[in-house]
Amino acid sequence: MIQLLRVDKVYEGGRWALKDINLHIKKEEFVFITGPSGAGKTTILKLIYLGDRATNGQILLFGRNLAILKRNSIPFLRRNMGVVFQDFKLLSDKTVFDNVAFALRILGTRKVELKTRVLETLKLVGLEKRSNEIASMLSGGEQQRVCIARAVVNEPALVLADEPTGNLDLDNANQVMDIFRALNLKGTTVVIATHNREMIEKTGKRTIILDSGNMAGENLPRQGDAL
Amino acid sequence: MIQLLRVDKVYEGGRWALKDINLHIKKEEFVFITGPSGAGKTTILKLIYLGDRATNGQILLFGRNLAILKRNSIPFLRRNMGVVFQDFKLLSDKTVFDNVAFALRILGTRKVELKTRVLETLKLVGLEKRSNEIASMLSGGEQQRVCIARAVVNEPALVLADEPTGNLDLDNANQVMDIFRALNLKGTTVVIATHNREMIEKTGKRTIILDSGNMAGENLPRQGDAL
Amino acid sequence: MLYRNLSFFLIEALKNLKGNFYLHLTIILIISISFFIFGTLLIFDTNIDRALSSISKDLSLVVFLKDDVASGSEDFLKLKKFLLNYPAVKVVHYTSRLDAYLDFKKNFKGYEKVVEEIEDNPFPSSFEVRIKENYSNKKELADLISILSKWKSVEGLSLSKDWVNHFFSFISLIRMVIWLLVALIGTGLILIIYNGIKLTIHSKGSQIEIMKLVGGTNWFIRGQFIFEGIIEGLLGSGMSLLVLYLAYNLMFQKITGAFSFIFPQQAFSFFSVNDTLLLIGSGTILGILGGVLSTTKYLKN
Amino acid sequence: MLYRNLSFFLIEALKNLKGNFYLHLTIILIISISFFIFGTLLIFDTNIDRALSSISKDLSLVVFLKDDVASGSEDFLKLKKFLLNYPAVKVVHYTSRLDAYLDFKKNFKGYEKVVEEIEDNPFPSSFEVRIKENYSNKKELADLISILSKWKSVEGLSLSKDWVNHFFSFISLIRMVIWLLVALIGTGLILIIYNGIKLTIHSKGSQIEIMKLVGGTNWFIRGQFIFEGIIEGLLGSGMSLLVLYLAYNLMFQKITGAFSFIFPQQAFSFFSVNDTLLLIGSGTILGILGGVLSTTKYLKN
């Protein structure tokens, strides 16, 4: 599904955010990426959803080489992924409903189906009663959940989530993890970047550890769990 | 130091964010406010730093009644507080240094002293080498630490921190908590809103629990600890 | 799906217009004022141009008669007949001594007293002879002047192009200033619009960014901004034409009055329907271009 | 502390200008173009106004002489002396028949052939008599006309206000259009600037918000925005004056040529130093106002 081969990322200004990263994430896998602040977690996800290009190395995604991918193929690739951004990236003057619906509208989903699915997904994150409120008026945790709803509403083949529970209490965090696990069981590949050790340990999935842009280690999934 | 008497907050649109809150935080106290997403944590802090006014009830701060405070006194009141915002609120096109220095510039601090203090504070949060980078280019956790540095750089009488470790790994989070504790020992009152139970338990301070805008309970500080 | 998208775009465009009210009001006003200035200058210039092309052909010769030539006398009739039959002559208009006196009184308000205290009427009677265009440079005209200057009832001649001449150089000065203004304002407007678009980009940049990250294609994202542009362009050009038309109607009396006094054969007119449609059309195109350009930068990568 | 703040404001203002380049370029361009339009119209209007106030006083009387009156003859000298001594007369200028013929040739380009083929010179010699201003409505003038119309060497008289009259009504039309433009553009500009400021607020809103939350006083926050405004106003008005001056110099030949042909006693001139300073001053004030207003809304609560 996702393959990183000797990937470097050097930002303008010369900061090495990633150094020689080799990584293979299989289809239907559930993977955590962890590491201290500034380790490069967000950067790895960014390279995968094509928010930026790698400085060196190859990235294969859905069997395509991102380094040579044409610009106008990007939107179609992205439609197969749902991304939860660390800073949410909600359309701040639109309603909760419109934010989540956008991911379906670009697919040309019919009005009735669109409405049903958006409301169903909002229910999953506990925001079904808030659908007509303006996104920027929600609390931090509520915004984060809208972002999660948008990422999963079209049941994508790949979900990338960056610190998806950073603003959530334990109950809400568990609920969100349940959503990801359920999707994963239905066949979605899930990659979560987080610093939350508790969550990682509880879930017991494969975990990739970064430090200052280097691969610092890897914990294999607990026995008895799926991939 | 801070007294809330029968405080309600109803947002436009009719949402009750706080209902009949009574709260007394003493000078030099260290208090956590916790509760699930949307409970009203951010709203309480907002009322204290005068980002909004209470719908009903009285709030006393530094011995002044916020309900009748004149507008042009607000800036001077705020200079005695450092606030860590849940969404950081950094000046995104300014450098890390300028962001932290702003809190000192408005006080008219001299250039040399200003520079020393800003760099010292950045060192505390582990960003002394990043002072000339543009704030928006930092990682999520790094931005959060800049925000913390700005809140404490002028050693205010009161620090309000909203989810200050939501984007930080354990080491960095501990470091930040150490900073708050050290300030507290020097006499600063600290109020932290967080959903992080682990951190609350480890610190063992007085904790106020909110739920859907109501006071849902209160844990007193562990024995042997200061206030 | 196309219909679904179009109606979505329109709705989003209207929401954007409402949400970012001042930005869009400013853009509409800029478009509108530009069109207003261009419109005024164009109306003015077209009218003057048309009037000039008619007036410049009207070379006329004034033949002053001796005081003792009465208007029905043999000599008078002979001269009139000669003038009317002369090949280069287009129209002949007679002004009697009394007419000349009254004309003078009318044209020289404030000098009535002067004239009234003059005992004899000092103004001669005259024929104003308008020359056919294609004769203005020919031998017939020279001959006519020659003959007339020797005619015994004729006291003097005057080729009445005097004020017209001054007038022409003045008008050409005015038109030069107008076109200087148009050229410079035009350049400036292109810069303003270009930068206004860059500004729009900045204000819309994060929205566009997010839509792209969620998988929107370029044209899907552009859709609503193009609709926004169209609405802005239509409103902008429409408003300017409306104001222009109202101003025109309000000032109609004064403008046409002053205008017809100078160019009696020429009515002062507003844009034709075609021109109006053209202006509104170019407003719309400007809007579409704005929408496309403003999104292009953020859609690049 | 004041000095420290001022230099901080200036530096921040410059950083803002650089950071938000297109926003500020647009604002500067809008200010600049407004000033340019106003400047052009003002220069034009002032010059015309000045010229008109001089020309309207120049009522002149043309006294045509009979063909047989030679320029040195007794009658000629007597008439000249009479005119020079007459109380209402200011200046007397003689045009011989040959001069009149040459003048005609010069003024009627394209008709030289016509004139050359005329055998006798048809143009009479004349005295142009300029009347003193304060006499233009008095009995002396009427008397003068009376006397001259009976004078035996005089063939005719003409009060040369004919073309000036047409000219006046045309100029008043032009000036009406100019002031209409100024009024409407002015209104529009106030709207644009007002909305431009609202726009600035939106783009700066979050920054202002944050500065306030960190404890900045209103005037501390305003500081840098006011400096921004001053820089914008200075650049805007300065640029427009520069362009105007360049245009003026570039077109100088043509403009002054056309202008002096119509108003021979009047030189076409640019703004005075005072006016220039006034314009730049008002640009600066506009900028300060913009800076203050644009921050006021966010500073309210």
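Of note:
Labels A, B, C and D are assigned to the chains in the order they are written; within every chain, residues are numbered from 1.
FYI, a residue touches a chain if its C-beta (ideal position, glycine included) is under 8 Å from a C-beta of that chain, and two chains touch if they have at least 3 such contacts.
The shown structure was predicted, so the numbers you read here are calculated from the model rather than taken from an experiment.
Between chain A and chain B, the least number of touch steps comes to 1.
Seen from the C-alpha centroid of chain B, the farthest chain centroid is that of C.
The distance from the centre of chain A to the centre of chain C, with each centre set as the mean of the Cα atoms, comes to 63 Å. Chain C and chain D have centres, each the mean of its CA atoms, that are 20 Å apart. Each chain gets one centre point, the mean of its Cα atoms, and the points for chain B and chain C are 67 Å apart. Not a single residue in chain A touches at least two other chains. In chain C, there is no position where the chain touches two or more neighbouring chains simultaneously. Of all possible chain pairs, the ones that touch are A-B, A-C, B-D, C-D. The touching residues of chain C, counted against chain D in their complex, run 20, 22-23, 25-26, 29-30, 32-33, 36-37, 40, 44, 64, 104, 107-108, 110-111, 113-120, 122, 124, 136-137, 139, 141-143, 145-146, 149-150, 155-157, 159, 161-167, 169-174, 176-177, 180-181, 184-185, 188-189, 191-192, 195-196, 198-199, 201-203, 243, 247, 251, 254-255, 258-259, 261-262. Interface residues of chain D facing chain B in the complex, by the touch rule stated above, are 1, 4-5, 8, 15, 19, 206-207, 209-218, 220, 300-301. Residues of chain A touching chain B in their complex: 11, 13, 34-38, 42, 86-87, 133, 137-142, 144-145, 162-163, 166-172, 195, 197-198. For chain B in complex with chain D, the touching residues are 49, 51, 71-72, 74-76, 78-79, 81, 83, 85, 89-91, 93-94, 102-103, 105-106, 108, 110-111, 150.
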